[in-house]
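Look at the two complexes coming up: chain A is in both, with chain B in one and chain C in the other.
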Partner chain A sequence: METSRRDFLKIGGLCALGLSSLEVGDAIAKSRAAKYLTNPDACTAKRWAMVIDVKKCWQAEKEECKDCILACDWAHNVPDIPVKRQEVKWLWNEKYENAFPDQDPALEPEEVKEKPFLVLCNHCTHAPCVRVCPTQATFKSADGITMMDMHRCIGCRYCMAACPYGARSFNWRDPRPYIKKINPAYPTRDRGVVEKCDFCVERLQNGKIPACVEACKQKALIFGDLDDPKSDVRKALDSRYSIRRKPELGTMPAVYYLI
Partner chain B sequence: MKIYDGKYILIGLLVFGVLATFPIWLDHGKVIAPADPSLNTPVIDAMMQKHCILPKAQMITEHMKLLNVWRTEVVRDGKRLYVAPDGRKYEMSLETECFRCHSNKAQFCDRCHNFAGLDKATDPYCFSCHVVPSEKKPGAGAVAVVPKEGK
Partner chain C sequence: MLERALSGSATYKKLVGVLMILMGLGFAAYLTQWEHGLMITGMGRDVSWGLYISQFTFLVGVAASAVMVVLPYYIHDVKVFGRITVLGEFLAIASVIMCMLFIMADLGKPMRVLNVMLYPTPNSILFWDMTVLTGYLLLNVFIGWNVLEAERKGTHYPKWVKPLIYISIPWAVSIHTVTAFLICGLPGREFWLTAIMAARFLASAFCSGPALLILLSLIVKKYTKFDPGKEAINKLLTVVTYAMLISVFFVILEIFTAFYSNIPSHMETLKYMFVGVDGKTALVPFMWMFVILAVAGVALLLHPNIRKNEKILIAACCCVFFSMYLDKGVGLIIGGFIPNMFGQIHQYAPTIPELMITIGIWSTGFFILTILYKIAVSVKEEVQG
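Let's look at the complex of A and B:
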C-alpha cells in the first residue's frame, strides 16, 4: 500500500491531536486529586519563641503552682516514671546552677539561687540534635520549631548526647502504664523513641497557643514570633533584660528568661 | 519402557505431590468465616448518607497508603487539612478523624487485620502509640478534661 503525502499529513495531524489531549486528561485528573492544605486557622510565624518571666513565675511558685507542667503532661501524654534515670520530661523545673551553669553562681541573690527555673527544649536555631540525627527524625520546621518525627526515630540517642540542655528523654520502657489518664486526642509514645517539647506544634497548626502558655494564670509564659517587632515576645524582650541558656555554645536558643 | 528404580521414583513423586498440595487438602471444604468488619458505630449509624474519606473499595486496599501520606503531610510539612477528591474536608488525624466514626477498633480494624494474619500485637503497630477510643463508650471521642489531681 502506498501512502500519499496528503494521507501522511492527515495521520500525522491526528496523532498530534491525540497526544495533546493527554495534557487535558492530566489537568482534569489533577483537579480531581486530593489536596493537602494547612489549616486556615493556624497560628503562623517566621520564628516561634518563648519568653519566661521568671519573677511572675516565682510569684505563683509560692503556692507550688505547676499548672503549665500539668497542662503539658496532660496534653502530650507525658508519663510519670518513678525511676529518675528513666524520666520523660517535656517541661520541668531546674535549679539555677543546673539551668545556667555558665553564669558562675556565686554572688547572686539567694532568691535566684534557690528558686526553680522552668526549662524545656530551646528550639535552637542551630540545633545540635538536628545535625547529628542519622534519620532526620528530628528536624527544623520552617517556623523554627525543632520537630520530632516519632515514626522515623530509631532510638539511637545521638540527639540526647548532642543536646546541651538535657531537653530530650528516651523511652526506656512502654510509657502507657505510667500515664495516669490518657488524653485520647494525642498519641502516646512507644518504647525506644526519644521525645521532647515541640512547642505544641499540633495546637499551633490548629490555631491554639501552646498548652503551657494557655495554662499559666500569671501570664509568666509569653509566646510569639521573634521576627515580628510588634509581637508579645519582642515587646517583652524590649522591656527587660533577658538571658538564655548556654549562649556561648552558639546554638541560639529561642527560649528567653526575663530576669 | 523401563524406569530404573521406578518404584522409588513414583512413590517419591506421589509423596511430593501430596505434600506440595497439602495446604489445599487441609482447607478443602472448610468454610472460612468472612472478616466481616462492623460499620455500626453511633456516628456512622447517624449518617444520612454513609461515606468514608475515599470510596469503600479504595479504602479497603489503600487505607495504609493514605495514612502514610497523611503522616508525612502532617508531621513533615505541617499540613493538617485533607480535601478528598469529592471535595469533602477532613483533619488528617487518626485520633480525631478516623476514630471519630470508627470508634470500634475490635470490631472494625482488628477483624480484617486478624483475617489477613496481622494478628500480633506489634503488627500493625499503629496502636502502640495512637490511642484507641475506649470501647466501653463507643463514639466518645476526644474529651479534653484536664485532670485536677497532681501529676
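Let's look at the complex of A and C:
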C-alpha cells in the first residue's frame, strides 16, 4: 500500500517535471539564438598566433624562471604525474636540438644549444591531429585554435601519432590526485582522454590574454592576430628573424620563435 | 549447425579448455586495465601505441589473406580450393574479431567507441578502417555460413551470396590498404612515410596468412577425418612463396632508399631497430630474429623437396609466419615511434598485464577459430560420409 502510494507520488512528480521541462525546453529554444552570442568583451581575432622572444626568455632563465609554465599548469589543472613517460604537458621547455631536431645542430652558439625553448601546441593551420581524429573531438575553431572536446574523445591516440610536435598528452591514469591545487574555474580531466594547450580559449572568451603571456614578466611571449598587420605579433615578426618548428611538413604552425 | 561445436573428442575439449583459461586470465588483466586505465601498459607519451595496435595491424593482414583462397576458387574456378575456402573465411572472421578486440583494448574510453559512428569523419582513416573492418566481418560471416550450410544440405548456396563473394574480394584488399593508410600518411613519421606501405602490407599479409592457413589445414588433417587436399596446400604454397619473396624485396627497398639517400630521419628508426642507438637496443634481437627467420623461410620455400616432405613444409610456414609477425606485429608499429618527435630515443616494453591481455585476445581468436573449424569440419566429415 505504502509503496504504491509512493510510486503514485513519484509518477505525479515525474509528470509535473515533464510538463515543466516542456516549458523549459520552449524557453531554451527561444533563447537559443541569444545563447550563441559571444561575450562582447571577448578578445577576437581571425588567426591567433604566438611569438616567443627566446632572447628575452633567456634573460630570466638565470633565475630558472618558470612563471609561464606554472601559470598555465595552475590555470588548466595540469597534473604533475610522477612517471615520466605518462606525463601530461601543455607548455614546457626543450633544448634546441629537441625542439628543432631537423636543424641538425652543429655549430650554433653555445647559448642556443644550451638554453631552453618553450614548446606547446602550435595550433597548426593544417593540423594533422585534426585530420586524423575519428570523432572530431579535436577540431579547428574559426579563429585558428586547435581545440579539444574531452567529452567526445575516445582515447584512440591517433592524434598523438599524427602530431609532429609531440604536443599532445594522454591521461594514462586518473589525473585528479596529481593536481596540487585545483582551479575551480577550469574542468579537470578524466583518465583515457587526450589534452593539450588550448591557447587559453576560455580566457580569450572572457577578454583575457593567455595565462602564460600574462605571467611573463619579461614580456617574452607575444600573442595576437596574425591576420592583422598592425597586431603585436605581426610587428614582432616584421622586425626580427623568426623560425617555426618543422615548417617543411606543411602544417603551418602558429607559434613563432624570434632568434 | 552450431550444436556441432558442443561435442567433440577429448583433444578438442582440452584445446577449448586451455584457450578458455587463457581467455580468463586475459580478461582478468583487462579488468585491471578497466580499473586503472592504460597506465598499466608500457605505453607512454612517446610510444603512444604499443603491442595492441601492432597486433591489430598484423591481424588485419591475416584477415585480408582469406582472399587468396576465395579469389582463385570463385573467380578462376580453381576447384581444389573448394575444400578449404571456408577455412579461409572462418580464419578471416576470427582475425577480424581479434582486430576489433585489440582496438577496444587500446582505447582510453572504450565505452565511447560508437562516437566514431555517431560523428562520422570521412577525413579520418580510422573511421574508414572501422567501417571496412565491420563490413568485412559481416561479409565473411554471411558468405562462410551460407556456403557451409548449403554444403551440409547438399544444395547450392543461395543466389544472393554470389554478389557478396565478389564484393568481398576487393573488400579484403581494402581493409589492409586502409590499415596501411592509417600510418603511412602522417607528417613527421618518416619511417612510416613510404608509398609502398600498402603494397608491403599486402605482400606480407599474403604470405603470413596463407602460411597460417596451411598449418591449420595440416592440423585439421591430422586430428580429423577431413583432408583439405594436397593440391590445395600446394597451390597455397605457391602463393606463400611469391608473396614472401616480394615481402623480403620490399624490405630491401625500404632499407636501400633510407641509406642511399642518407637522410637522417629516414635512417634513424632502421638504425635503432637493427643495431640500436646510444646503447638502446630493445628491438634489435627481434629484428635479427626476423632476418634469420625470413632468410630461412625463403630458403625452405625454395627447397626442391618442400612439396614432398611435410616437415620442410611445416618449418617453412612457421618461418614465414613468425618472421612476418616480428616485422609487422612487433617492429613496424613500435619502431615508428622511435625516435620520438624530439629526436630522442625512448624505448617501449610491454608490461605483464599488457602481455596477458594480448595473449587473452589471441586466445579468444583461436577459441572462435576452433569452434568455427569444428563446425566446418563436422559438416565436411558428414558430407564425405
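Throughout what follows, the second predicted complex is superposed on the first by the 224 of 259 C-alpha atoms of A that agree within 3 Å, B and C clash if a C-alpha of one lies under 4 Å from a C-alpha of the other, contacts with A are read in each partner's own complex, and residues count from 1 in each chain.
Note that in this section a contact is a pair of C-beta atoms (placed from the backbone, for glycine too) under 8 Å apart; a residue touches a chain by one contact, two chains touch by 3 or more.
Predicted model only: the values in this text are computed from it and were never measured.
*Asks:* Considering only touches as defined above, state whether A:Cys153 meets chain B (first), chain C (second), both or neither.
*Replies:* Second partner only, chain C.
*Asks:* With the two complexes superposed on chain A, say which partner A:Thr251 touches: chain B (first), chain C (second), both, or neither.
*Replies:* Second partner only, chain C.
*Asks:* Based on the superposed arrangement, let me know which partner A:Glu214 touches: chain B (first), chain C (second), both, or neither?
*Replies:* Neither partner.
*Asks:* Is A:Asp80 touching the first partner chain B, the second partner chain C, both, or neither of them?
*Replies:* The first partner, chain B, only.
*Asks:* A:Leu37 contacts which: chain B (first), chain C (second), both, neither?
*Replies:* Once the two structures are laid over each other on A, A:Leu37 reaches chain B alone.
*Asks:* Regarding the shared-chain residue A:Asp227, is it in contact with chain B (first), chain C (second), both, or neither?
*Replies:* It touches nothing on chain B or chain C.
*Asks:* Touch test for A:Ala185: chain B only (first), chain C only (second), both, or neither?
*Replies:* first
*Asks:* Answer with first, second, both or neither: which of chain B and chain C does A:Glu108 touch in the superposed model?
*Replies:* A:Glu108 contacts neither chain B nor chain C.
*Asks:* Per the definitions at the top, what is the overlap between the chain A residues touching chain B and those touching chain C?
*Replies:* In chain A, residues 174 are touched by chain B and also by chain C.
*Asks:* Residue numbers of chain C touching chain A in their complex, please.
*Replies:* Interface residues on the chain C side: 36-39, 41, 43-49, 103, 106-110, 112-113, 115-116, 118-119, 121, 123-127, 130, 182-183, 186-189, 264-265, 336-337, 339-344, 346.
*Asks:* Show which residues of chain B lie in contact with chain A when the two form their complex.
*Replies:* So the residues of chain B in touch with chain A come to 71, 73, 75-85, 91-92, 94-96, 125, 128-131, 133-134, 141-144, 146-147, 149-151.
*Asks:* Spell out the part of chain A that touches chain C in their complex, as residue ranges.
*Replies:* 83-87, 89, 94, 97-99, 101-102, 104, 128, 131-137, 152-158, 160-166, 168-174, 191-194, 246, 249-251
*Asks:* For chain A, which residues count as touching chain B in their complex?
*Replies:* Chain A residues touching chain B: 32-40, 42, 66, 69-71, 73-74, 77, 80, 139, 141-143, 147, 149-151, 174, 180-190, 201, 205-206, 215.
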